[in-house]
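Next, two complexes with subunit A in common: one pairs it with subunit B, the other with subunit C.
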Partner chain A sequence: MVGMNAAWLLPAIPAGAFALLLLVRNFLPRKGDWVAIGAVTASFVLFFFVLHDLMTRLGPNFHGVSTGFTWLKIDNFVLRVGFFTDPIAIVMLAAVLVVSLMVHVYSTGYMHGDSRYGWFFTVLALFTAAMSTLVLADNLLLLYVAWELVGICSFLLIGFWWERQSAAEAAKKAFVTTRVGDVGLLIGVILLWKKVGTFDIQTVLHAATSGQIGHTYLTVALLFMLLGAMGKSAQFPFHVWLPDAMEGPTPVSALIHAATMVVAGIYLLARMLPAYMVITGLGTLIMVIGMITAIGAAVIACAQTDIKRIIAYSTLSNLGFMFVAMGAHALTGGMFHLLTHAFFKALLFLGAGSVIHAVETQEVGDLGGLWRKMPITMGTFVIACLANAGLPVFSGFFSKDLVLEGVMHGNTPYYVALLAWVFLSGIYTARLFMLTFFGPSRDHHRYEHAHESPPNMTLPLVVLAVLTLLAGWLALDSVGRALGFPGGVGEFVFVHEPEAYRFSFTVAFAATSAGLLGVLATMYLYWGGGPERARRFADYSPDVYALIRNKFYVDELYQAGINYGVLGLSHAVAWFDRYVVNDTGVNGTAQLTGWLGYRLKFLQNGKLPTYALAMIVGVLVMAIVALSMHS
Partner chain B sequence: MIPLDQVLVFSGILFALGVYGVLTRRNAIAILMSVELMLTAVNTNFIAFGVFHRPSLAVGLVFAVFVITVAAAEVGLALAIILRIYRQRTTANVDEVDILKW
Partner chain C sequence: MSGGYLLLATILVPLAAAGLLVVTPQRFPNVVRAIALAAAATMFALSVWVFVAFQTGSGGYQLTLRWDWIQNVGILGAHGISVYLGVDGIAAPLVLLTGIVILAGTFVSLKIDRRNKDFFILLFVLVAGVFGTFTALDMFVFFFFYEVAVLPMYLLIGVWGSTRKEYGAMKLTMMLVGSSALIFIGIFAVFTEAGRGTFDLPTLWGIHYSPAFQKTFFPFFMIGCGVLAGLWPFHMWSPDGHMSAPTAVSMLHAGVLMKLGAFGIIRLGIQLLPEGAKFWMPALVVLATINAAYGAIAALSQRDFKLMTGYSSVSHMGYVLMGLATLNVVGINGAVLQMFSHGVMTALFFLCIGALYDQAHTREIPAFSGIAQKMPLWAGFFVLAGMASFGLPGLSGFVAEFNIFVGLFRTYPVLGGIAVFVAAITAAYVLRMFAIAFFGELNPRWASLKEISVAESIGAVMLCGAIFFMGLWPSPFVERIATAVTHLPGVTG
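And now, the complex of A and B:
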């Protein structure tokens, strides 16, 4: 029976597809898109066997199953390519494989006719393989390798249309920004390895929790790892790359920059959470970083006009929310939100892609009234929006509630701030929806040409919409048991002890009212006549509006830092190189030698007596020196 | 027998005369003769030290023979060069032969 021992096949199959496509994609019919889709489908089917095996083994003494092979063996040091399957990995894998499969299918429509169609699927296959490896890695080094692989896939896909300069620059920006964090992760991994002597995650965690690693040392190592997580998950102050990453094709935004790769940072924190829980202050730090990102991004999302950027800031905001969950040690809620968010945010992006495909613009100011033209897109989009706003019944509601309950205990200020976050989520989600699908059409030409997308694009939308509607119910114990789990998600994914889902009316009521308030207020602003009422609202304080519209000028701040800091330093170094190293060191030596040679050559005057005199004086001097040294 | 220090004083005077000649003479032939004087002083030294310090071995004498051989060869070469210069420039004055410089 194929079970958890076959977990290594999950990344191996897409990796094989990648290798095949890399070599022969141009000789295959349809540029080999079916190879990539087939591989992901195979992985997806296999996933259920792994899941089934995992469910039969679940119990109080079950931690996970490790498979794999030895990669390197140096004396006693063994480096494995190992795959560790446990509930946390399964939850993340579900998100990765479902969204990946949907995005593959969707891309056959969205990328149709692109000149690099085959290459797109090649990189998607590589990404799926790398992401599955990252999730399943049982040692930190393999995780780091996969971490860099997904990074390079992200780079390749953001810059997929590299003929456009903005896309090439966005790819570069994403790569460089995440690199800062990645170096931190590498340092953290090396520090832990130096102390524990192995890369194996479970051994490292055990060493951390049993006090084998000194607290100061552990804090430093974990802080470096946190840097990696912040870079990948685009937390403040590394958040700047994610909105620019929207230069990539929309399916890529859905897969990599919403559902899977950007949550790798949160996944890393979840994996290492037992170690993070040892150091008390780190949780607070993570919560503060997450809160700044969550609230800041939600505020910015309210004033953006690019449909993909609004969703990108919404993603940032949700990533911050998950960071807060990890900081509060609410692993269950955080991982559950990761799962539901993957579904509804991928759905939002794919829906936006469907709109872009139809009207060929990303400016919400040029959209409006599209619900008549694109009913399926609109229907699925509204489900995703409601889930994003966290309204009851939809999946976002359950996961958000779980996190809020986790945060509430002992973190009242954060809880209140998160309620404000829910309110802001309601505002930007409703604004996005109203501007895109309601009101009069603001660009008649585009409106007339708009059409519903083909079935290979709407099918993934419908599947994801169904998942968005249903996934949240997994929080309930009765639903979980009916599906064969020991209970709700709390009985499945936890740190120390399983906890059943306790529905708290106060939390649900407070959060729902906050979200609903945001949605209704925004619907009032945009109802009927388009954005005029909202514009008047913004005109109350143009300065504040400009501040938000320009994303708090963080990009400009960084640009100034580069202009004055990096370029200033470069100028100083260039000056030093030109005038000190080159003019003085290199040319100066040559000039000195030349000048000395010109002066000294006149000693060679060709007269024999001069030479004879010099010779005799020389001999005399040497004789005197030798004699004086001798005596 | 003449004591060693007297021989050394003699050879020293001979050598100094040679040096004086090399430095003051302008005629190439005279310079060559002065050089021969210096060589003779050195030979005297060799023989004296050989006789006084290693009477059983003929080291000093052998060295002196070598020096004479080399000096003969050198003189042959030097006279040929001086002859060629004289043929070309009708002078053997070293102050006038100074084109081989910077």
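And now, the complex of A and C:
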């Protein structure tokens, strides 16, 4: 029976597909897209065997199963490639494999006819392999390796259309920004290794929770690690790369920049949560960072006009929300929201891609009224929107309430702030939907040419819509048990002990009211004649509107910092090197030697009296020295 | 003993090829090319053989060969100066590196038209020197080959170079010869202090020199060899030298020759004077950190491809020196891995730059835009080299740098943190260059650029193969290096 010992195959199969495609894709029919899809499908099927095996082993003393081999051994320094399967990994894997498979299928339509069609699937396969490795890694070093590999896939795919300067810039920005965070991650990993002597995550966690690592040391190491999580999950102040990453093809945005890679930071925190829980202040710090990101991004999303950027800011906002969950140690809710968010956000992006595919513009100002032309896209999109706004029965409702409940206890200010966040989510989601699908068409020409997407694009939409409708119910114990789980998600994913799902009417009522209020207010603003009411509303305070519209000028701030700070320093060093080290130090030495030679040569002037004089002076000096030494 | 002829062959094959080229008439350039290619392929095969023949189980110095040359004359006693060759786990990968780079370098040099016979003669003399230095176990022979490896550079740059080539050649030669004077002093100090009348390195390594002597003379080797390794602030010959040098010479120079410096620090510094090393390493690690950070920061604003790569080399050699300075097994392991990794990666950089320069006749980064559209394969090679240089896992740079970082964190955690951060700066300058020159809209001025040639592609594929090999399966390297590093004197676990 194929079981958890075969977990290594989950990344290995797509990795094999990647190697194959890298070498021979141009000789394969359809540029080998079926190889990538087949590999992901195989991993997806295998996932259920692994899951089934995990279920049979679940029990009070079960933590997970580890398999792997030694990759490198120097003296007593061992690097391992090992895979560890436990409920946290399973939840994340489910998100990765489902969305990856859907995106693969969708891309056969969306990327059809692209000149680098084969390359697209090659990188997608590598990404799936790397992302599964990241999820399953049993040690921090392998996690870091996979972390970097998903980063480079992100780079390659954001810059997929690199003939556009903006895409090339965005790819660079994404990689370098996250790389700065990764510096922190690597330092944190090595610091923990230095103390514990191994990269094995479970051993490190055990060492941290049993007090083998001093609190100051642990705090420093975890803070460095947090930088990595913030970079990857685009938390303030590292958030700037994610909206720009929308330069990549839309399926990429759905897979990498909504559902999987960007939640790697949250996953890392979830993995290391027992260690983070040891240090009291860190939770608050994570909550604050997450809250700034969540609220700030939600506000910005309200004033964007690019359909993909609106969704990107919505993603940022949800990532911040998950950070808050981790900071509040609400592991169950956080991981559950990670799963549901993966489905509905991927669905939003793929829906947006379907729209872009049809009208070939991303400006919501040029859309409108598309529901008549694209019924399937509209139908699935509305489901995703409702889930994103957290309205009842949709999956976002359950996961969001689970987090809110976790945050509520002892963190009242954060709870209130999150209610405001729900309100804002309602606003931008409704605005996005209204502008895209309702009202009159604002660009008649584009509207005329709009059409529903082909089945290979709508099918993934429908599948994800179904998942968006159903995934939330996994919170309920009865549903979980019916599917063979020990209970609801709280009985499956937890830090210390399982907790059964309790429906809290207060939380549900407060959050739903906030979300509904946002939705209704926005529907009023955009109802009927289009965005006129909204425009009047924005005109009440043009300065505030401009501030939000320009994303609080954070990008400009960074650009100035790079231009004057980083490049300034670089120019200074280069100048120093050229003029001080080289022209003064190196050439100066040469010139001094030459000058000395020139000067000294006049001593040898060929005149006998000069030589005689020099001799006499020399003898006298020697005599004086000799006499003075004797006396 | 028979294995020793293998090492002798690595030195004699390039010399024989040079001799054969001397008698080949200049009017048959294709014959010259054929001889050069055959010789380089033989060298490559021999270097692979050396690497494979090295027994990881037994360690120590293998494939040894010893011929007494001058003994019992004057100051020289028994085994005074002998042709004594052998490789340990550190030298074996470096011999392989030399073989790879010379073959790749020969492939790109096939297109040289002007006096290609003389070019290859000098190139092969240089390579004989490199092989000789890596395999010498006699201090005199070591120094002899060390000089043989440096001197042809002057002519190679001065005659076949570009962009202020006389200045670059002169500066490079003066600085390297000047630093050799320091090594020379150190060698004779050790010879005299030992008082055995021999230059035999294993004998000299076995002697315990007084701490005062070690502390006095270690800097002679550290600085003397350090100059060739690009040690700050004696690195200036490197960016300018690379800028002036022809492609194959840049490849060999940055790829292999700079490693001779680091190798010299191990052979003459750490192995002869371990206590001196222990005393001076904190100084070296500080200088090396400056190297790494300074090189990377300076590279960020360079406008010339070769200058940028030159500063990048300064930065990466800083990693090598940092790794050596840790004086622990993981760190030095990383340093040797980095020597190999940087060797193949930077050779690939220069190969690509050369392929572009020969068509475009400029190396100004901002002058280009979107050229990946015209040269996709070329861009692919270049990007791969760039990724290796910022330590992407799966490529050679990661394995090497990671070991160096771990080694540093054992002894110098703060500098280790800086080293990790420098890797991020590396990503910034590499990707910045790509974004400016390779991607974006095609500048119509470059509409006639052609894809990288077949010969150059073969060289590039070899180097890429080495990058992947070490990145995915580093064990063959580590197993060899570890046998030597764990037995270095004064090195902790």
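One rule holds in what follows: the second predicted complex is superposed on the first by the 595 of 631 C-alpha atoms of A that agree within 3 Å, B and C clash if a C-alpha of one lies under 4 Å from a C-alpha of the other, contacts with A are read in each partner's own complex, and residues count from 1 in each chain.
Note that in this section a contact is a pair of C-beta atoms (placed from the backbone, for glycine too) under 8 Å apart; a residue touches a chain by one contact, two chains touch by 3 or more.
Model, not experiment: these values are computed from the prediction.
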item: Which superposed partner A:V183 touches (first subunit B, second subunit C, both, neither); value: second
item: Touched partner set for A:S541, first subunit B, second subunit C, both or neither; value: neither
item: Partner chain in contact with A:K601 - subunit B first, subunit C second, else both or neither; value: first
item: Partner chain in contact with A:T584 - subunit B first, subunit C second, else both or neither; value: neither
item: Partner chain in contact with A:T209 - subunit B first, subunit C second, else both or neither; value: neither
item: Contact breadth on subunit A, by residue count: subunit C or subunit B; value: C
item: Touching partner for A:L569 - first (subunit B), second (subunit C), both, neither; value: second
item: In the complex with subunit A, residue positions of subunit B that touch it; value: 19, 22-23, 26, 31, 94-95, 97-102
item: Interface residues, subunit A side, partner subunit C - complex; value: 71-77, 141, 144-146, 148-149, 152, 155, 159, 162-165, 167-169, 171-172, 175-176, 179-180, 182-183, 186-187, 190-191, 193-194, 566-567, 569-571, 573-574, 577, 581-582, 585-586, 590
item: Of all residues in subunit C, those that touch subunit A in their complex; value: 171, 174-175, 233, 236-237, 240, 294, 297-302, 329-330, 333, 370, 372-373, 387, 390, 392-394, 398-399, 402-403, 405-406, 409-410, 413, 416-417, 420-421, 423-424, 427-428, 431-432, 434-435, 438-442, 474-475, 478, 482, 486, 493
item: Residue ranges of subunit A touching subunit B (in the complex, touch as defined); value: 601-602, 604-609, 612-613, 616
